[in-house]
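Take a look at the structure below.
Order of writing sets the labels: A, B, C and D. Residues in every chain begin at 1.
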Amino acid sequence: MGVPMLFLSDNAASVHPAVWDALQSADAPDSPYDGDAASAALDERFSDLFERPCAVLWVATGTAANCLALASMVQPHGAVVCHEEAHIEMDEGGAPGFYLHGAKLILAQGEGAKLSPDAIRAAIDPIRDDVHQVQPHAVSITQASEYGCCYRPEEIAAIASLARQRGLALHVDGARFANAVAFLGCTPGDAVGPADALSFGFIKNGGMSAEAIVFFDPALADVARYRRKRAGHLQSKGRFLAAQLHAMIEDDVWLDNARHANAAAQEIARACGERLMHPVEANELFVRCTAAERDTLRARGFGFYDWGADAARFVTAWNTRDEDARALAQAVAAL
Amino acid sequence: MGVPMLFLSDNAASVHPAVWDALQSADAPDSPYDGDAASAALDERFSDLFERPCAVLWVATGTAANCLALASMVQPHGAVVCHEEAHIEMDEGGAPGFYLHGAKLILAQGEGAKLSPDAIRAAIDPIRDDVHQVQPHAVSITQASEYGCCYRPEEIAAIASLARQRGLALHVDGARFANAVAFLGCTPGDAVGPADALSFGFIKNGGMSAEAIVFFDPALADVARYRRKRAGHLQSKGRFLAAQLHAMIEDDVWLDNARHANAAAQEIARACGERLMHPVEANELFVRCTAAERDTLRARGFGFYDWGADAARFVTAWNTRDEDARALAQAVAAL
Amino acid sequence: MGVPMLFLSDNAASVHPAVWDALQSADAPDSPYDGDAASAALDERFSDLFERPCAVLWVATGTAANCLALASMVQPHGAVVCHEEAHIEMDEGGAPGFYLHGAKLILAQGEGAKLSPDAIRAAIDPIRDDVHQVQPHAVSITQASEYGCCYRPEEIAAIASLARQRGLALHVDGARFANAVAFLGCTPGDAVGPADALSFGFIKNGGMSAEAIVFFDPALADVARYRRKRAGHLQSKGRFLAAQLHAMIEDDVWLDNARHANAAAQEIARACGERLMHPVEANELFVRCTAAERDTLRARGFGFYDWGADAARFVTAWNTRDEDARALAQAVAAL
Amino acid sequence: MGVPMLFLSDNAASVHPAVWDALQSADAPDSPYDGDAASAALDERFSDLFERPCAVLWVATGTAANCLALASMVQPHGAVVCHEEAHIEMDEGGAPGFYLHGAKLILAQGEGAKLSPDAIRAAIDPIRDDVHQVQPHAVSITQASEYGCCYRPEEIAAIASLARQRGLALHVDGARFANAVAFLGCTPGDAVGPADALSFGFIKNGGMSAEAIVFFDPALADVARYRRKRAGHLQSKGRFLAAQLHAMIEDDVWLDNARHANAAAQEIARACGERLMHPVEANELFVRCTAAERDTLRARGFGFYDWGADAARFVTAWNTRDEDARALAQAVAAL
């Protein structure tokens, strides 16, 4: 079989050739930190993409992107409403508590790791409006969600409307935002809706080490610039991060990569039928199967994570080979 | 003149070819975060280099390296003794306050931005041993210092001895540690002395985006691993950072690069004579000169920063061209 | 009716005469902060009471007591396991996030707001032992619980045994610890079990402004002394707080007061029958009743809080008049 | 001699009879926390006193007052400019680092522990306006200063004007504000100037355990209310703190007490002549004298602190007996 057929995660996939080219072109010295030409051009590049004014900061991880964005919106005595399965709650090692100086996460529920206005209301309406209980300052949703489900533009609009009504800022964790846009077939602007900030992920989608924090409210970016430095995330050779972002946006590499990963996921999904725990709308599949079935798949060379005792998670990537996706689909169908 | 003759800083210099090679070799997928083979091999690699057991974590910036190291040694209600010109005090945007949860920096003085046991005692002896005054928990020194001066092994030993006596941990900020080792002509182990942790810089010396935190006390590394994730510094494609560190250590690239930069600095230093504000022991020169003289130099194509009203700072790098160093030396001599 | 018959809370009740006497006796100047004779005598006083060595700090609120105790046990990157209805989660305005520098609360479930080893395991066993998920460092239980239920000595022993096994510290929030001891009829030492620290409440039980943090591990107290000052909780006329604690312990005032409050609660409880939502084991009653029934009670002069839409909470205090308790019992019975 | 003649500090002095009366009158139950009538009446009471709208919060210590005030003005990535001898720098156990989440203190110099516009400019003008250096967000001055010197209204106006120009908030630490007003003979409003908040001290001046944070900008008070609870400083029987403040303001007790203490200080000052290190403008005297002279004074029954090797600090209080002040004056004169 040679190379194992990896469906473990997109987070360690190889780097896209266009990114490599851009990195090498960026080697010529330029001003340090974010004073280089490529960093300076990011605002305009993303403003074009989102069709509204953006202020954009690069950082090296999604965790830093999420937490710097939220730290610009939430005071230390406040809270962020998020899904109980949200990455910021489950997988960031307590980074929100660190970056937000002890602010709280208020956990809400919802199918497919998606929030709804009702779910948000159920979480915050019982909070007494007094100093004894921590008050929400922001909502954070994940597009596509931790279970690979996408918010439709009207769903985000409804959440944003509730947020505005309650005086809450809105953050979108877009670790797999490209996959959501590819699935929805809408503009990036429609896929993020009237959010205040977006953590726009590129690393899972072919980048090496650069994510973008896209602020739709420039005042928030001004705070985040100080906080990024203070968090040790202002790299001195920042031009190498900016270059990655430009390379991914140029010629729609980001979108093509996501479409490829999504298509591979769809191919596998068709073979899963009733086994699917969530609709497959991005590049993740959560598939019911027994331990014995997982052994069978692993024996055939497929790499993936268990998802609890009775399921497996498969993740496709920008570089998943068609034949590997097909092989996995057949193997699942044959179980 | 074509390419400007840059002596602005080493922090934005190009990336060394060996690092580029290593990055590309690292492209094949491996486990995410620090689960890859290259990350796992760092402890052994650095233990060999320092001739004692080390636990090593990669991070993307010197600020993160310094602050994660210090956060493993200092409780939030404690303090770090450092020079009043230390990078952690002057140029890290308050990162120590963030990472150490409000712990304080106690500022001491000393020639060439170097501390001495006397200077440390002068800073901490007046502190009453009660809960009203913040107590020191650690000392941080910079090797080479912010003014390009190197601690001799016996100087570090004396500081370490005082630190041990007072129950203080010892951290070494080695953003330009390679330059110090190259200057001192001693082993890396002797250049860091009996410190508890070293921020070992590679980015200024030919790396792209990887610094090493070298813990000589493994218990501190265990804490730092959690704190690194919590700070959003655990990159998912960590193999690209580990690869840079291996490439720099392999075949003494780090030392050769530093020797080159130091030699260029010495060439210029010889031309500066009485103008030098500090002995030149690494790759930085602080040179008295008037605004008019600086204009002259800039007109001749040299790039550098003003250092206050009456001086200039020149920094050489691993890739400073011999002819550029020579040209600057001549130009300064001709002033 | 004259004075309203208050069952709103014990937290605003009058101050016990013995406390008044002690306050006035403390007026003569003594050393500031905790340097006075009364503060210095606390360790011995509480060591006698708990029959093991204690280090005791006074503070002005239960929130400060809980959070200073926990801050001595939990690192900023760790977590505290507590009940989802715990005071530290619900009613301290995010103080744990502040004092613990962003550490997390891991919420567990259980009848009567009490934890059990099984409930703790259910909360922490799913946590992967890696840096991506926040690891528990301590358990906090409330004696008597937020629903007025008491842990039996063997229940605490079982929790402590699990905590020790997992390397977790154990904290007891004893805002109503006196009521628990009065109910259990055991020694204070048995009612707190092998905990590392106890927030021993006196304010709800006849004090004015002093709670005790009782450390059974003196090393924790050493940290807490610095943290108390750092939190602005080291009062300069600390002798007035120490005096309150001595007055409450002297002649078992604390226990007599709690017995009185508990007896009043029992009198009312007997009239509530099936209406009780939780067993009445301290001085709080959670009583099912309709809005109309609550109106009836209020019209008759009883003060209390609604508990959701279908219940009321009644709290008795050290100074609840027998006739008021009797009147409420009759009124409830007559509903 | 009986009672020792204490000039150690005003911070542990006895409680004024008017405060005792008020405490006892406050014993009747009222709403908990700050929901009682006395707490609710504070805004109006202090608005009358300062002749402009105030929002007032009680807290138990000056450290809490200073830090809650500053935390409402300064973001975690910012800094406070203060004198290098300021109480917040020297004697609050790092509380500003805790409450301000790692924000920095920028130390300035000046005679008598007083700041001036020039001193502030000297401290902040060298700060580069970039993210690498921590930017000032507020100025804090102490009225009367840590060396017992008072700012004249025009001095505060000049500082406030600079602060406004630079976008900095202005905080006044008024631990001994009453002594300053008594010395200046101006209105309280003139003695605080156009500050944003004042920590108005009462404990050193005859109170037991209540200080006032006076916000002249109500928006800051709204933040501080949440932060006070979050810091564990919202006492449940808050009426006892409010009562102390009312008692001190009523009938100018605060001013009479301060006048008495100041007069005692003046009596002693007249005997000190050239020995005085700072002008005596409040109730503290810093007096040059040898160790032998201090022994002599102590042998005669006077209690006081050494101030370094060659001086003594004497502090008078609201209850310093005239004969004691006279005796000390004579004893100093006789040295």
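Heads up, the rule we're going with is that contacts are C-beta pairs under 8 Å (C-beta built on N, C-alpha and C of every residue); 3 or more make two chains touch, one makes a residue touch a chain.
The UniProt protein names, listed by chain, are A, B, C, D = L-threonine aldolase.
Because the structure is a prediction, the values reported are computed rather than measured.
J.: Counting only C-alpha atoms to place each centre, which chain is farthest from chain D (L-threonine aldolase)?
T.: A
J.: Applying the document's contact definition, name the chain pair with more C-beta pairs in contact, B-C or C-D.
T.: C-D
J.: Distance between chain B (L-threonine aldolase) and chain D (L-threonine aldolase) based on Cα centroids, please, to the nearest Å.
T.: Those two chain centres are 43 Å apart.
J.: Can you give the whole-Å distance between the Cα centres of chain C (L-threonine aldolase) and chain D (L-threonine aldolase)?
T.: Those two chain centres are 34 Å apart.
J.: Could you please state the distance in Å, as a whole number, between where the Cα atoms of chain B (L-threonine aldolase) are centred and where those of chain C (L-threonine aldolase) are centred?
T.: 50
J.: Quick one: which residues in chain B (L-threonine aldolase) touch 2 or more of the other chains?
T.: Counting only residues that touch two or more other chains, chain B (L-threonine aldolase) contributes 76-77, 92-94, 97-98, 101-102, 131-132, 226, 229-230, 234.
J.: Per the contact definition, I'd like the list of chain A (L-threonine aldolase) residues that touch chain C (L-threonine aldolase) in the complex.
T.: Residues of chain A (L-threonine aldolase) touching chain C (L-threonine aldolase): 76-77, 79, 90-94, 96-98, 100-104, 131-134.
J.: Under the definition above, what is the set of chain D (L-threonine aldolase) residues touching chain C (L-threonine aldolase) in their complex?
T.: Interface residues on chain D (L-threonine aldolase), with respect to chain C (L-threonine aldolase): 6, 9, 11-15, 20, 23-24, 27-32, 36, 59-61, 63-65, 67-68, 92-95, 97-99, 203-204, 208-209, 226, 229-237, 239-240.
J.: Residues of chain B (L-threonine aldolase) touching chain C (L-threonine aldolase) in their complex?
T.: Result: residues 75-77, 101-102, 131-132, 135, 223, 225-230, 234 of chain B (L-threonine aldolase) touch chain C (L-threonine aldolase).
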